[in-house]
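Several structures are given next for inspection.
Each of the next two complexes has chain A plus one other chain: chain B in the first, chain C in the second.
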Partner chain A sequence: MAKIVVDPITRIEGHLRIEAQVEGGKITDAWAAGTMWRGIETILKGRDPRDAWTFVSRICGV
Partner chain B sequence: MAGSIYHHLLSRGVTRRDFLKFCSATAATLGLSSSMVPQIAEALEKKERPSVVWLHFQECTGDSESVLRASKPSIAKVILDIVSLDYHETIMAPSGHAAEKSLHDTITKKKGKYIAVYEGAVPTKDGGIYCFVGGKKSIDTCKEVAAGAMANIAVGNCACFGGVPAAKPNPTEAKGIRDIIGGTVLNIPGCPMNPENFTAVVVHFLTFGSLPALDSLGRPLFAYGKLIHNNCERRPHFDQGQFVRQWGDQGHRLGWCLYEMGCKGPMAFQNCPTIRWNEGTSWPVQAGHPCIACATPDNWDAAYPFYQRMKAVPGVGWQANADKIGLGVAAATAAAVAAHGAIRAAKRRKECSKSEDEGHE
Partner chain C sequence: MRAVEHALNITIPDNARILRNIINAIQAIHDHVIHFYHLHALDWVDVVSALKADPAKTAALASSISDWPNNASASYFKAVADKLKAFVESGQLGIFANGYWGHPAYKLPPEANLMAVAHYLEALDFQRVFVKSMAILGAKNPHPQTYLVGGMATPIDPNSQNAINAGTIAQLLEYAEQAKAFVDKVYIPDLLAIASFYKDWAGIGAGVGNFLSYGEFQNDNLPNTTNVWLPAGFIKGKDLTKIEKVDHKKMTEEVSRSWYKYAGGDDKPLHPWDGETTPNYTGPKETYKELNTDGKNKYSWVKAIRYDGVPVEVGPLARMVIAYAAGHKEAKGLIDFVLGKLGVGPAALFSTLGRTAARGIETKLIADKLPSYIMELAANIKKGDYRVANTDKWEPSTWPAEAKGYGYHEAPRGALCHWIVIKDRQIANYQCVVPGGVNASPRDAKGQRGPDEEALIGTPIAKPDQPLEIIRTIHSFDPCMACAIHAVDANGKEIVQVRVR
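This part shows the complex of A and B:
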């Protein structure tokens, strides 16, 4: 049983990690993790809804 | 010279004419006389491409996208060709261990010879656990890469001043690069930054061997030395008290001043009105939206709410820069100046409501 870790996954930004468990040449289990957190939901609390787009449009610029 | 930036550009199909146009445009952005164009051209003809390590922390990759969409002339090529982008997570081919190796090889083999570019803020709360790349905390990677860099450039408001992740209540205690590594960091803020300012900084560095003159916030003066409000094409409407009062009203259709709709141009320093975006096509105010002061520290709170009128417009002269007047509304400008501004603003409001009455229905 082997475990493969690919981190960073590039070309979609860098903040993604994939772990895969391999048994007999087959992937039997896998985990994906976003490895960056900013808390934009928390930042938006209490703000004017009309301003929300300016923040949430910055979640991803790709 | 083989191996030079110029040679590289020629091999990628950029013509001599386009190359010189690029040199002229960059000289103009830098505020240099056209007599400097030959010096810029000569530097790019002789110098090898500097190695660049581009790191992503708490960001949206908007600044990378901004650069990838740079255009003047076919600058998507130039910007990517005047530098040797040795590590950039969004566009590099290797992933995982191979990507980590690229970074490691560059910072060890080219120690003291690479330019480090940072995109995104660095979280410091709970030991910096809110951003990992390749299993490493961004705060550690940032310090490691900065230690061997010949120049550190922060692009976008997040890397410069914390930006969106640092907006109240700043859940991850995000900070700009300067607050993490100290020393000289050249800041090219904006949300996103304007790619032409980035190109101009790199060309300046290659031509003169130094970074351009900076203000106290680490921003190059050629790009952030002037107030948007003073260079805005809608400024005559401000002076005449012609304001947009409602989205889509007559004033909005006629391109009047957006101050009443919340425009933060009077506190924002950047060259948007001059160089604009997308090959000089437009910029937010020209498109009819108020400025949100995206190159200003803490703009997500200091310029907030974005659709509410600034309480006062600081009275500033044409030659003022951020260091001379402080940071607009947030700064305590001299009482006399403030009073002067308030009187003028009140006068304008009066004139404005008069013209509104006349201008509508």
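This part shows the complex of A and C:
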């Protein structure tokens, strides 16, 4: 059984990995994996709530 | 920011609401144009095939779909073809390197490919200019710098050169008009022309069929107001006859298949106010060929985000489907126009093509709307209202000892919400549930696939070593996995690994 791995998917923001099983020329199963840890929640603990927006907007602006 | 405003019960002033609406609109237009041309178009457009195009025939095709000035010019298309030829002959395709050129799933004739490549390059110029409007209001893009808990940090003063004044309004209107022209005369005609060759993709990539939008473009100043221009709602199982009201309490995250550990058990869904972020990597060591996705193995850093227990798709398609079902006048008119042009019914929306079309439709809706927000700002300033922030609760001494809040936003890529718990004037817990994560969710304890995963099922693969079809569907979601570095080797060449077992 063929399993296709695309890692990283380019022309996107960040890191995404796709593994897909192909049978008879069609995808029969698929897994999407984020391959990067974000961790912004950990960074924010204990900080001033008024500063939160400027930290979290760094995850992704859009 | 909205989560903090909600927790502290802060009502923002009119100008702040209008400025945020303008910034949201600019960002959506900018982001969608870049996505269509620079991140997604080359999944449908074969750059190398464009070399075979006849520039005169290309001009005939292009001028038949739009009166955009360059479209009628054979010499313009010849210049683009010459530029492209120089790239190919030098063996350095530059921005066009690493495509699956010549793949059998590419269906456009050479002239349509050349037209699209020309507009890819024009869109680069357009976005470079249009983003100046973002610089005026947000200082930079992405990550605008001018927000403030309680409102905005951009001063308004008609008598100052260093504040939003009549000149700013005039500039913003000019950029908005340019955007409207580009969307009307380039983006939408190109989208329709390209889509007409790929109608089979209206039957591929449907996904989970559950859609969520928090609603955006606020009409009043209350935190998480439901009085919005693009409606909020939850649609289950593609049922356009029923829109459920959104309740943030139904949003959960679980980590049974994600590399985290929950104190009370990984299979137990947690509401983000009670969210935990304890990493627990159990995957293979670098360098590995495949993840172990069998059984109950963990395989992603993305949590399984569910609404009311089911995976939900978020983004332009979700917003447009909900607006369509809600009978939103402008949205319904445009969606029906596009479906009619392509000769397909509303069911075609639930597909890879529908997702890409919905993004274009939304761009036009927002580009049409943007000037009215700028005029609203001008009218408010004219009334003598220069207030941009409500600072009544700026001082932590005015806050309660404990507060909880959430903040809805419809980002270009979809529904986004942050949840905050404040204790003793500090952040005790914070969880961001972002659109890229919602769509790229892994399986949950019940074995339900995430939206990206589900959308791939049944997708045809012509050449397993060049899985262009996977890229098409994944790109149709416009994934945003956190603004981050790309994998670049020592020579600056982007590495893409595709393996077939």
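Methods note: the second predicted complex is superposed on the first by the 57 of 62 C-alpha atoms of A that agree within 3 Å, B and C clash if a C-alpha of one lies under 4 Å from a C-alpha of the other, contacts with A are read in each partner's own complex, and residues count from 1 in each chain.
Please note the rule applied: a contact is a pair of C-beta atoms (placed from the backbone, for glycine too) under 8 Å apart; a residue touches a chain by one contact, two chains touch by 3 or more.
A quick note: this is a predicted structure, and the numbers were derived from the prediction, not measured.
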Response to the item:
Across chain A, the partner (chain B or chain C) reaching more residues is C
Practice prompt. Once the structures are superposed on A, label A:Lys3 by its partner contacts, choosing first (chain B), second (chain C), both or neither.
Written response: second
Item to complete: Return first, second, both or neither, reflecting whether A:Ile27 touches chain B, chain C, both chains, or no partner chain.
Response: second
Discussion item. Contacts for A:Gly14 in the overlay, against chain B (first) and chain C (second): which applies, first, second, both or neither?
Written reply: both
Discussion item. Which partner chains sit in contact with A:Thr35 here, chain B, chain C, both or neither? Use first/second/both/neither.
Written reply: both
Practice prompt. Quick one: classify A:Asp48 as touching chain B (first), chain C (second), both or neither.
Written response: both
Worksheet, complete the sentence: chain A residues contacting chain B in one complex and chain C in the other 5-15, 17, 35-40, 42, 47-48, 50, 54, 58-62
Item to complete: Provide the residue numbers of chain B that touch chain A in the complex, in ascending order.
Response: 56-65, 89-96, 99-100, 123, 130-135, 138, 163-165, 167-172, 174, 191-192, 292, 300, 304-307
Item to complete: Within their complex, state which residues of chain A touch chain B.
Response: 5-15, 17, 35-40, 42-43, 47-48, 50-51, 54-55, 58-62
Worksheet entry | chain A to chain C touching residues, read off their complex | 1-20, 22, 25-42, 44-50, 52-54, 56-62
Worksheet item: Can you name the residues of chain C that touch chain A in the complex?
Response: 1, 3-4, 7-8, 27, 31, 38-40, 42, 98, 141-145, 147, 149, 259, 275, 277, 279, 289-291, 293, 299-302, 394, 396, 411-413, 418, 420, 422, 425-432, 434, 436-437, 440-443, 449-450, 452-454, 456-462, 464, 467, 470-471, 474-475, 478-484, 486-487, 494-501
